[in-house]
Amino acid sequence: MNATVHPLRKYARPHVTRTTTCPGCGNGIATQAILRAIEELDLRMDDFVFVSGIGCSAWIPSPFFAADTLHTTHGRPVAFATGVKLGLPEKHVMVVSGDGDLTAIGGNHLIHAARRNIGLTVVLMNNGIYGMTGGQTAPTTPRGISTVTSPYGSLEHSFDIAPMIVSAGAAYVARWTTHHPRQLTKAIKKGLTKKGFALIEVVTQCPVQFGRASKLGGAVEILKHFKSNSVRIEKARKMDPAELLGKIVVGEFVDIEKPELSSEWTRLIHSMREGRQ
Amino acid sequence: MIKARTALAGTHFDMGNWACAEGAIAAGCNFVAGYPITPASEVANYMAKRLPQVGGIFLQTEDEIAAICSVIGASWAGCRALTVTSGPGISLMQENIGFAVSTETPIVIIDVQRLGPSTGVPSIGMAGDIVQVARGSHGDYQIIALCPESPQEMFDLTIRAFNIAETYRVPVFLMADGFIGHMREQIIIPPADQIDLVERRVPTVADPMKRQDFLDIGVAPMPVFGKGLQAHVTSSCHDEHGMRNLTEPAVMHRYVMNPIQKILTHRDQIVEVREDYVNADLVLVTYGTVSRSARAAARLARNQGLRVGTLRLITCWPFPEEAIRKAASRVNNLLVLENNSGQLYPYIRAEAAHASRVEFLGPQFLGQIHDPNAILEKVKEMLA
Amino acid sequence: MTRTELTIAGLGGQGSILAGMMLGKAAVAYDGKFATHTQAYSSELRGGFAAAWVIIADEPVEYPRVIHPDILVAQAQDSIDRFASSLKPGGILIMDTDMISNIPESVNGVFRIPATSIARNEVNEPVTANIVMLGALCKCTDLVSRIALEAAIQEMVPKGKTEKNMDAFRLGYERVKGA
Amino acid sequence: MSKVDVLSQNCKGVDQCGICKYVCPKDLYRDSKEMNSAGYIPPEMTDEASCTACENCMIYCPDMAIVVHKDAQDGPPAGEGSDD
Amino acid sequence: MIKARTALAGTHFDMGNWACAEGAIAAGCNFVAGYPITPASEVANYMAKRLPQVGGIFLQTEDEIAAICSVIGASWAGCRALTVTSGPGISLMQENIGFAVSTETPIVIIDVQRLGPSTGVPSIGMAGDIVQVARGSHGDYQIIALCPESPQEMFDLTIRAFNIAETYRVPVFLMADGFIGHMREQIIIPPADQIDLVERRVPTVADPMKRQDFLDIGVAPMPVFGKGLQAHVTSSCHDEHGMRNLTEPAVMHRYVMNPIQKILTHRDQIVEVREDYVNADLVLVTYGTVSRSARAAARLARNQGLRVGTLRLITCWPFPEEAIRKAASRVNNLLVLENNSGQLYPYIRAEAAHASRVEFLGPQFLGQIHDPNAILEKVKEMLA
Amino acid sequence: MNATVHPLRKYARPHVTRTTTCPGCGNGIATQAILRAIEELDLRMDDFVFVSGIGCSAWIPSPFFAADTLHTTHGRPVAFATGVKLGLPEKHVMVVSGDGDLTAIGGNHLIHAARRNIGLTVVLMNNGIYGMTGGQTAPTTPRGISTVTSPYGSLEHSFDIAPMIVSAGAAYVARWTTHHPRQLTKAIKKGLTKKGFALIEVVTQCPVQFGRASKLGGAVEILKHFKSNSVRIEKARKMDPAELLGKIVVGEFVDIEKPELSSEWTRLIHSMREGRQ
Amino acid sequence: MSKVDVLSQNCKGVDQCGICKYVCPKDLYRDSKEMNSAGYIPPEMTDEASCTACENCMIYCPDMAIVVHKDAQDGPPAGEGSDD
Amino acid sequence: MTRTELTIAGLGGQGSILAGMMLGKAAVAYDGKFATHTQAYSSELRGGFAAAWVIIADEPVEYPRVIHPDILVAQAQDSIDRFASSLKPGGILIMDTDMISNIPESVNGVFRIPATSIARNEVNEPVTANIVMLGALCKCTDLVSRIALEAAIQEMVPKGKTEKNMDAFRLGYERVKGA
């Protein structure tokens, strides 16, 4: 039976035979969603450059994906990816990294990439915690939860990432949980075809660290929690803030057209060349 | 070696920062990312105008960290990439300078140094960053740093910086300062066909597990992105294929030491010095702008019958040990002059103290290069 | 080896540094000499301190700093306070009398010109005060030739402003008084 | 012809993960008896005939340890499963 | 000197990182800001729990830059403030380490070093940051760095770090590494009344123009905020009152040199070394964890009749020149051992090469401290 | 006549006799607005710590204000101020700095301070440009404008700061132009009395750099531009995006109550002490 | 008693600034003839009697170079001036 | 100077490092000896490599590394591959037979215990496999006294889990086979 090969396996480096995530980690669900999006869009791995930061989620493409992969420093993948995209505007440049990586230390690069509307597809794994370093508070950790760095309950408020990135200027923003792998795949596909900055926020389970901190429990319990607390954005818009407390608003937050940076550069250089002739 | 495609040939009277930017253009630079900072801003400002004219891109980033990151990203995307800043920016870039070293990414970093520490005095030059560029990122590594002394050399050495960066897959620093960055002098730009450029070597085998992409002391070809090479680039400890390995001490050792050895074994090809101390009783050891004071002082001294020579380190990193040892073996007195409190002085003494007397003289006021007369006085004291 | 050193100083916005550049350009591009131009300024964009130093020589300039200038062009009282004492014995001072009230007794060769008011009232272009100073300088010294300096100025001022700047230069050249 | 293959060497264990068990709308998985070489207990299929090939188990498995063969399917086409 | 207010007196078996945190608590630390990073996280994690118990605050910042900035801010607000990180964090902090130096702000920085450059290997210790903490920020400056070799010393030297930081108004680094940070050993914590603490001196004159707040080589009292002192704190070039001055070379010179001299003139009071080389033919010069290998090797050597001594630098910065010179004047052979490619080696040679033969030995695998037998072999070679 | 002393002069350091701004710079208008707010609230300078970054705007309090003043590195004042506020929770900690300082290099600290809802009053001088370094593009520079680093017209989109900081979590956000000094003073007063993070965005004129880049001209011309393009937020909410193009929306963007970080710490420490007794 | 004092040494000049002239609803300022010591031309008051002491000129002057004495006022109380 | 060196290794999540800590704690706090405990692990939180080294001695430990351990406790095949060859000649190996299939022939003194299945099936607490290993170790060596080790374990496991851990320890102690 084990001769069967997973259909998405063809996108992986042959020598990488196992993932390094903990049992039940949502990162694997996102891995599949990304690869399935690529498959459904009929793209090749050579069309891609994957860029990631540091953290469990940053190991999604690195070293698993059989493509050009830039595994960068903590918090900086978007900044690196900006250089890659400007250098290779015709490639799909996808950033995959964690909530800590992209919104704590890397928050500034994220909002500026959204502002610039540079054509990156960012898959942001929001597990509400710092997984890799052992369960510290992330900017996404709900207020009141006791993590290893907030043992008396976090005193800070958390980011609502998707709408913040909308207000920073992104062209496409969607949020889904790992309980929504099919919608997630669709959103990634949309992000990949978008000419502009696309953020796909994936609310995901870290059963080991977040499960312990939140006392929600294991992978299945967190997935159940996602299921029962998700509210479609269309519905959420009609609810009042009090009702939305503790809910996870999912869906598409924005989807607009506006000039994308790398193509603006291509245009400018082209027009300078014309002007010269 | 190929020839430059474009160069603003002719004689110019302009600032060092301008010369540097034109040097980069001549060197085929087609991606610059930077964040404004005095006294380096003119390089970026000028590049913003100049690059699109030659098909290049200028990105003004949100900060210096993003600047170096996007430059590294662009280098992997196949660009000849440069960033320009001053000390505060170098400090912010330190983490990702280490990333460039560890991923063996060719980039050029222009440091137009200013008086510091910290905010200090933006418009005044100083040689305060000469050790920080080599030792300021964590862990262990080697970079290359070149020290121009004039606007002309800001042109010449910027081209050289690109060439060595590509040859050795390493960040190369041009250690200018606010003084020559803003200094205007005659700058002679040769025609493009007289400028030699090093082309990047790119592997042809498609499977990274069948190539050596990293940790080659002889310098591996660079598996740039977008060519179907499936490059795996990480600054986490990795093996020759770029694959992460966080458990094997032997791999860790190679991970740290091979990029260091890559530079040190090529020290002789990289290092450039200017020696002028035949029959001298004392040699003035300098780098950067102070070298001009040193030559003026040596001339003054010789006019007074004192046998004073000069040794100028054009390359400061990798440290020119051999040149220092040679000077120490021939001359009994070394006087080190730096526009700081003596940052390279210990490195020089380390190579020379066994054979010579080595002393240090800073300028009267840090930030203002030495008055040749003050040097002369110290020389007399040492030779008395 | 002839080597002449000049300091030109003022407040930010008065164009001292630009004037220095014009001198250097004139020397290198039109008089066939060598020149080194260096500068300093404080962080304020306007009103702070600004200075340029120009060395003009027949050979490449080795030591690039000016410690004791042969000539001091001062556009503000601040410039006098900072630099008058550095003037070489026998050096000359060219000053904007609109901006400067006190000069130390030690200075001997003083040339005076009301550059700010000339620029404002006669050229009707306050920013040309530095060019007025250059006119005065050109008259009082043989640092660069008039033709070279005029050419450098024309090259470096915005197109469309050439005439006003030439006026300013001429007025400086004609109206300077002393020593 | 089988509809579902469990690549048990890839599985990280039903006790700590067990997502396949949770997402199968037909409740077709149970714990197997054998540990894999990493010490994890993979799931096993109880009743392949009831499988609708909805693909939930495949799509949700974080370790790509389940393959559903759609072509072998005889149930209704895969829908949006349980993921909303 | 005052006495500590609280200390977890007793004998413990716990990790170095825990000892460091308890040392900080005993030293009266009441503000910690940090960002998680292996192998330093346990200090922050534990502080998050421990500080509120003693009325202190733990802030997990958005990054390491914010960590050091808020720590400096808290120090000016009157707190005893600490941040903890590893190499990548130090690299990011470089700019604001310079700010702390230039504004003469007492802070303690714990660096639990890991193998690098760049991301390297998070969990493996190395002495890769030993020069970067002293020279990694731009411009010119001096800091203080202490090198523990055991969990016990992570406790003891953390207290010392706070005391020297307050005495000299300077950032003090504790240069631990992942090896001792995660090492568990016996840790003895004395009762609070046996722990001496230095209190901060605060001026009393209200008008800053009538005080000397900065640039005092003898160390000025610190005009902390919130007391009506109208302190003006800037890291731009400033005079004795803290007032910005970007034009006068003499002020610039003092601005850079006085904080340097403040440390260097107190070198004798600051520097601590451990010398054990009476009648030795060779002395092993070390710092940090490698010191334990050195002592083991010296014992092995002595057992074989070889006269091998040790010189351990507990303080690495300001550089213990005097101690090195002394050793070189008494012993003919110096063997420098570092868990890196030889970062302090040039600094040691600079002081010793005129008088002794000085050689270097790195570990077989960087990141793993030397096997005493490998040291012994090298010793035999040198003494042969 | 010159014996007259300006009524706000009492808040200045006696030895600082002149400002270092260019003629017509809006920073002076904000200086007065801040000092007037302090006067009207009857606060003393000893109740304050002022923190600023690097840039022309960062020189507003430093060295002018006769108070504890921390003039920090570029982009970091909010991070420094966070430490100051936690150490001195009873003081007013006010950050005054530029748009480049606070939203380019310092953008991350700003959004995180807003998220934490730490009790700072941030006066952000938005002049649409980098003044001090000579007129480079800021994240606030309108797309298309030619600055020294975008000589062919900026290809990037600009931040709309106030709403972005709302979405990051601030308790109080207002925006006014220098054409609105009285409203500005009121907003600063409100920010100072707010328990929580308050941002006052001041759209201000940099006649030298922005005036040149935008070709709007001098101080008066830019002020006129502000006047004719300002739209009150109440009205703006009823307008459609197309109509709002090029407009400056002014007014209060948010004003809510939520737990403030430094008082949460005071509370926690207090409760720990109680728990112990 | 005067309502308005121009602290002319503080002024940065009506030609480059001139905000006082722009914001005075009564248009009471004009360029003076004298330069101050920094080379700037301050404004001068043309008709103090017409001044309403609205304080615009004081509040808007970026260099705190104008003081309006409200107590000397006889016009209507200061309102929200022209600043909306 | 007696000095015994031990390596205990496994995969992330198997608790090797914790087991090493318990040994050190037992030695220092209850047996009145000196101990040094060091560790290494890869970045993956689960499944990666993890190891601890414990030195127990009568005097303070000078050289803190273990190069050639006297005892190797191996919880996974990976541990064997990494460390078996480092074992001191005459050193002993204690291994979890559920997780390890191949051991090199060079190793002589081998003790075997199916710790993972005992923990899973008999203790009903998979995470106690490391405690089973400690029980086995305690039986096979005199590194630390049983009473000390039991005390250390009780101190370091979560309250409420004491009994299960003591069961695991006992089962390890009783069921280990070899050498």
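In order of appearance the chains are A, B, C, D, E, F, G and H, and numbering begins at 1 in each one.
Here is the rule we use: a contact is a pair of C-beta atoms (placed from the backbone, for glycine too) under 8 Å apart; a residue touches a chain by one contact, two chains touch by 3 or more.
Just so it is clear, the model here is predicted, and its values are computed rather than measured.
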Which of A-D and A-E has more C-beta contact pairs: A-D
Chain located farthest away, centre of chain F as origin (C-alpha): H
Gap in Å, rounded to a whole number, between the CA centres of chain E and chain B: 29
Distance from the mean Cα position of chain F to that of chain C, given in whole angstrom: 40
Centre-of-Cα separation between chain F and chain D, whole angstrom: 56
Chain centre separation in whole Å, for chain D relative to chain C (CA means): 85
Contacts with two or more other chains, residues of chain H listed in rising order: 40, 42-43, 46-48
Chain G, residues touching no fewer than two other chains: 12, 15
Interface hub residues of chain E, defined as touching at least two other chains: 38, 52, 62-63, 65, 88, 95, 99, 118-119, 122-124, 234-236, 246, 368
Partner chain H, residues of chain B touching it in the complex: 236, 246-247
Touch list for chain H against partner chain D, complex: 11, 46-47, 76-77, 98-99, 116-117, 126
Chain F-facing residues of chain A, complex: 104-108, 111-112, 115-117, 139, 152, 155-160, 163-164, 166-169, 258-259, 261, 264-265, 268, 272
Touch list for chain B against partner chain F, complex: 35-38, 41, 44-45, 48-49, 52, 58, 60, 62-64, 88, 118-119
Contact footprint of chain E on chain H as seen in their complex: 21, 24-25, 28-29, 34-43, 60-65, 67
